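Naming follows writing order (A, B, C and D), and every chain is counted from residue 1.
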Amino acid sequence: MMPALSLRNIVVALLLLMLLLVPVYALVVGNNFVLSLFTRIVILAIAATSLNLIMGYGGMVSFGHAAYLGIGGYMVGILAYEGILSGFVQWPLALLVSALIAFVIGLLSLRTRGVYFIMITLAFGQMIYYVGVSLNRYGADDGLTIYRRSNFAGLLNLSNKTVFYYFCLLLLLATIYLTWRLVNSRFGMAIRGARSNDRRMHAIGFPTFRYRLTCFVIAGTICGLAGVLLANHTDFISPAVMHWTRSGDLIVMVVLGGMGSLFGPLIGTVAFLALEEVLSGITEYWQIIFGPMLLAIVLFARGGIDGLLAGIRRG
Amino acid sequence: MADALLRVAELTKRFGGVIASEGVALDVADGELHAIIGPNGAGKTTLIGQLTGEIAPDSGRIYFAGQDITALPTHQRSAIGMARSFQITSLFLDMTVLDNVALAVQAHAGHSFRFWTPARSERALRAPAQAALARVGAADRGNVVVADLSHGEHRQIEIAMALATRPRLLLLDEPMAGMGPEESARLVNLLRELKKEYTILLIEHDMEAVFALADRISVLVYGRVIATGTPAAIRVNPEVIQAYLGEQQAVTGHG
Amino acid sequence: MRKTLVAASALLALAAGPGATSALAQQKSVKIGFVSTFSGPTAVIGNDMRNSFDLALDHIGRKMGGLPVEVIYEDDQQKPEVGLQKTQKLIESDKVDFVVGYIWSNVLLASLKPVLDSKIFLISSNAGPSQIAGELCNENFFSTSWQNDQTPQAIGHYMNQKGVKTVYLLGPNYAAGKDMLAGVASTFKGKVIGQDLTKWPDQLDFSAELTKVKAAKPDALFVFYPGAAGVQFLNQYVQSGLKGQVPLYTAFTIDSLSLPRQGENALGIPGAQHWVNDLPNAANKKYVADFKAKHKAYPSFYGAQSYDAVGLINSAVVAAKGDLTKKDVMRAEMRKANYQSVRGPYKYGNNHFPIQNFYLQDVVKDADGKLTLKTVATIIKDSQDEHAKKCKMKW
Amino acid sequence: MLLFVEQFLNGLQFGLLLFLLAAGLTLVFGIMDLVNLAHGSLYMVGAYFAATFTAWTGHFVGGVLLALVATLLVGMAVEVIAMRRLYGRDHLDHVLATFGLILFFNELVRLIWGPAGMNLTLPPWLNTAVEILPGVYYSMYRLSIIVVALAVATGLYLIVMRTRIGMLIRAGASNREMISALGINIKLLYTFVFGVGAALAGLAGLMQAAILTAQIGMGENILILAFVVIIIGGIGSIRGAFIAAIFVGLIDTVGRAFLPDILKLALSPAAAATAAPALSSMLIYLVMAIILVVRPAGLFPAPGSR
């Protein structure tokens, strides 16, 4: 991490500065929606960063990653519905359940490769989606409104929008930092090796399955955390956040920003939501522009925005 | 004869109706350089696949240092000291040379559930990797991304990675494939050096190299070992000459 | 460097939207946010609502209590969290005085909290989930439509009148679908001999279910399939040969939007509705005639409810003489339902859902040979939903 | 028993429809190694073409044939303009690029035909029920779907197994270099195969349109099922796709038809009523997950595919 004055580092620095100043801006112009919008961006960026860990660094293209958003969210929603409001109970439990489910899905899915892996994660994602749809006690597909946010015994007031925003931002930065430590550690090297050439990894003595599974579980847990935040942000959770198209959105965010790049998912999330906002402002038929744009990114900018900024082509 | 480090007994593998290995028996003595030769389609690749654990044999057993490893998964064979280089270069193309070799060191430096310390600054990984690179004469190539290397250099790195796992046995699958004469000659010299420290099972097409290096040679034809012996014995073995007539005029032929 | 800074602040300004500049302009106009579905296949419904809402505003000269009316339409994409986000934008960025619309129960339920937290009036012009009619009722929420149970209950009554003894129920497996089937079962006095909930919105092929109906041989079949699913269901009902064997009763399956595509398939199939385009009151005649003249089609009940929403809001703004801070005055006025509703006069229950008549509608051909809906009879007068009892609000 | 026969036919019809969609998908996948999410868009385009052309010509069969040709041409155009550039790329690239195409096609259709969807009206001779067994009537149209799809499946089988093109296709599925070694114009072959796949998807779409009407986004949900089919069957294998398609069609229908009753044996009626729809929605995914856990490359992995 050399703080060289490259275009890419300047953009990242400006982006972070902008994220830091969002609440100030919202205060000055008296518009809380900006804060809401950016809280959402930051939360989704956490989810995208977690997907990037398995997809960008580990080569595991999960088409069911949005499921963990729902699992984390539903744990908060269900516990709140049952009267358990303490964040000290809700949050660890939500993360634990996300991790457990990721473990089971990973255990079964990681036996497959390539498109088979994409499709089996999709299948598990859809199964969890339909579990959500059949939760009659918790609103089924109508979703569940969360009337009170997680309570941290006065240590942290999540109902204060500015506090909540900075808390999410802190967690995003922590996630990115964690990713950075992780991918450069021995564990990270093993994961990247498995992505690059799994056969060779076995030949030099790596039992890669356990490392890939661990990575899968870590990513699921972090995405579960994003789900916890999302539920607290929207005061609402429904199966819709787990639909396969949502998993597709997450993939698009990661690739748009730049796979296997630390800040790529953040850049991608901002760009994705900004594009949606700008294009839908231009025409009702905005997807007729957005669709070919995706195609163009695949064809001409394989490293995503981050790759364009860095001016190098990634594999 | 010294104790066999690797012993293969009655190894048989069929793919559908095609017999790839039929009752293969093989002894690689500790310290020797044992070469396997055979015409195309003789089942060399299938044999090495079974030795490394990527292909499960239908029947037969494989012993390494006295231990039955027939059912052992690939990564554990590496752990007990079997290292392999690939015929078709199989490296981590998007990483640097040193990263590649360091990974091989890491594989044998305990488990990799270490999440925090940057692996690239661990001397315990980098120093042995650098040593392995130096051993194959690529000490100055450490920071080059593998994809940018030449074919010959890829072959060097293949061997460096195998060495970095601190093996007792090197399984070298056609290390000279696709090399020019000059590069081949350098590699022969390298192997001659390595031979002093490692037991080597060499599968190779380059007859000149094989006969120059090998202590013993086994000849594989249609999945069977038809002969095993010193280069001198193999050279005059009528069965071997017979088997090779279609492919080369004589086993001793230059080139 | 300078350039990127400019770009960054531009992005911020963009996210802020137009509200950033007009935050103080509030009292000069009545700002209404309208959330509905304007993309995807169900955009047909959203467009009908928008057209009717616009028409109603034209009819009052686009002024309420002397203030000009400004409407901001937002597309919820039929997704709860998008609806929620758009609703938040309307409240926090556009700073609207009323939020109106909502086709889908789940979108409405997701968006409810921020609206009510900010003490803004929420007028649902379609969705009427039981929770909001019951324990979640709120003084700032009003419905110009109906509660989910009411319409199917009316159909249950009607089947009793027709002497139906056994019925098979079919609907999509989501909250409104389950409400509908439960609604029919609650008033139907005969026997429910079979019931299937189908995957929603993915499942559009009903062959397995129709075969089961055929085997069960009920006196009647009741279905609830809103929107395009209604077209597809009728198609398959006819192809399976069930039409003529098992009479069909419907709720929200045949309406002015689906009818042109259901065509002859829909002829003679009854449904229950609180509003039909031929209701003989003056407001309705003007609405339907002007709508037909402008859009060359009959309006749907979705449209009628949206048209009424303008009437309701207008009555409140007029009563407060344009002072939109007088929430109590506006609320008291809206509770009287003191405006010309196209369904005719109705009252509000304590939960702010209408107490209203339900009619039997049939599909007939109009003078031009076009298919349309016709009121056949009044099934039930002044129907109030069951959930009102669970609402603690009293006034 | 009669109920069972009819439900079996329902499942068979659905399965065969899935096969038509899956066949193109698995061919393109097996030969060009291309994941094409936009295959469902061609299914949708076929439906809209058929609805338009039958209304325009006033003739059902004529309209359908025109629609097939039109979809074939659209497919070939898509191949030449976009897909061709994606060969040899990462599967993730395919997923992303063709996801973009889905968005494009959905909006294009909305722009051209409007959001409301379209009807494909059946001629009277198809819009009836026939007596297939004494006392058992079945929809004539669904029966003709079964017949047409079976005929197409047989034709495909013959082409793939007996003809020169079929040999090339099989060779491509197992050995990409071999075709070029044979001196065949690969570009042309790929465009052709993609076009045929598109026409098959279009055929599935237009046949479905008479039952379900043509809708925007109609291809997406069924595309996921078609993917499930080719994954279960083993990518690249026409035979696998056929068997898996029938299997999935039957499971789906049987699940919807009999699961509530089966669950009632084990659960209370109320619990069964809630569990059955959820379980039948999940059933196919559950089956696919189980199959992949046991056989990570599907039931019939094509030779040479990884």
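The rule we apply is simple: a contact is a pair of C-beta atoms (placed from the backbone, for glycine too) under 8 Å apart; a residue touches a chain by one contact, two chains touch by 3 or more.
Not measured: the values here are computed from a predicted model.
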Centre-to-centre distance between chain D and chain B (centres being mean Cα positions), rounded to whole Å: 47
Cα-centroid distance, chain C relative to chain D, in whole angstrom: 36
Rounded Å distance between chain A and chain D, as computed from the means of their C-alpha atoms: 32
Multi-chain contact sites of chain A, meaning residues that touch two or more partners: 133
Multi-partner residues of chain B (each touching 2 or more other chains): none
Shared interface positions of chain D, touching two or more other chains: 277-278, 281
Overall pattern in which the protein chains touch one another (line/ring/star/complete/other): other
Pairs of chains in contact (touch as defined earlier), listed by label: A-B, A-C, A-D, C-D
Chain B-facing residues of chain A, complex: 181-182, 184-190, 192-193, 196-197, 199-208, 211, 214, 315
Touch list for chain D against partner chain C, complex: 2-3, 6-7, 10-11, 13-14, 115-119, 122, 127-129, 137, 139, 141-142, 210-213, 215-218, 221, 253, 256-257, 260, 273, 276-278, 280-281
Footprint of chain A on chain B - complex, ascending: 52, 54, 73-76, 78-79, 83-84, 86, 90-95, 99, 102-104, 106-108, 112-120, 122, 125, 147, 161-162, 164-165
Interface residues, chain D side, partner chain A - complex: 29, 35, 82, 85-86, 89, 91-93, 95-97, 99-108, 110-111, 224, 227-228, 231, 235, 274-275, 277-278, 281-282, 285-286, 288-289, 292-293, 296-298, 306
Chain A contact footprint on chain C (complex, rising order): 1, 4-5, 8, 11-12, 14-17, 19-20, 23, 38-39, 75, 79-81, 84-85, 88-89, 91-93, 105-106, 109-110, 112-114, 129, 173-175, 178, 200
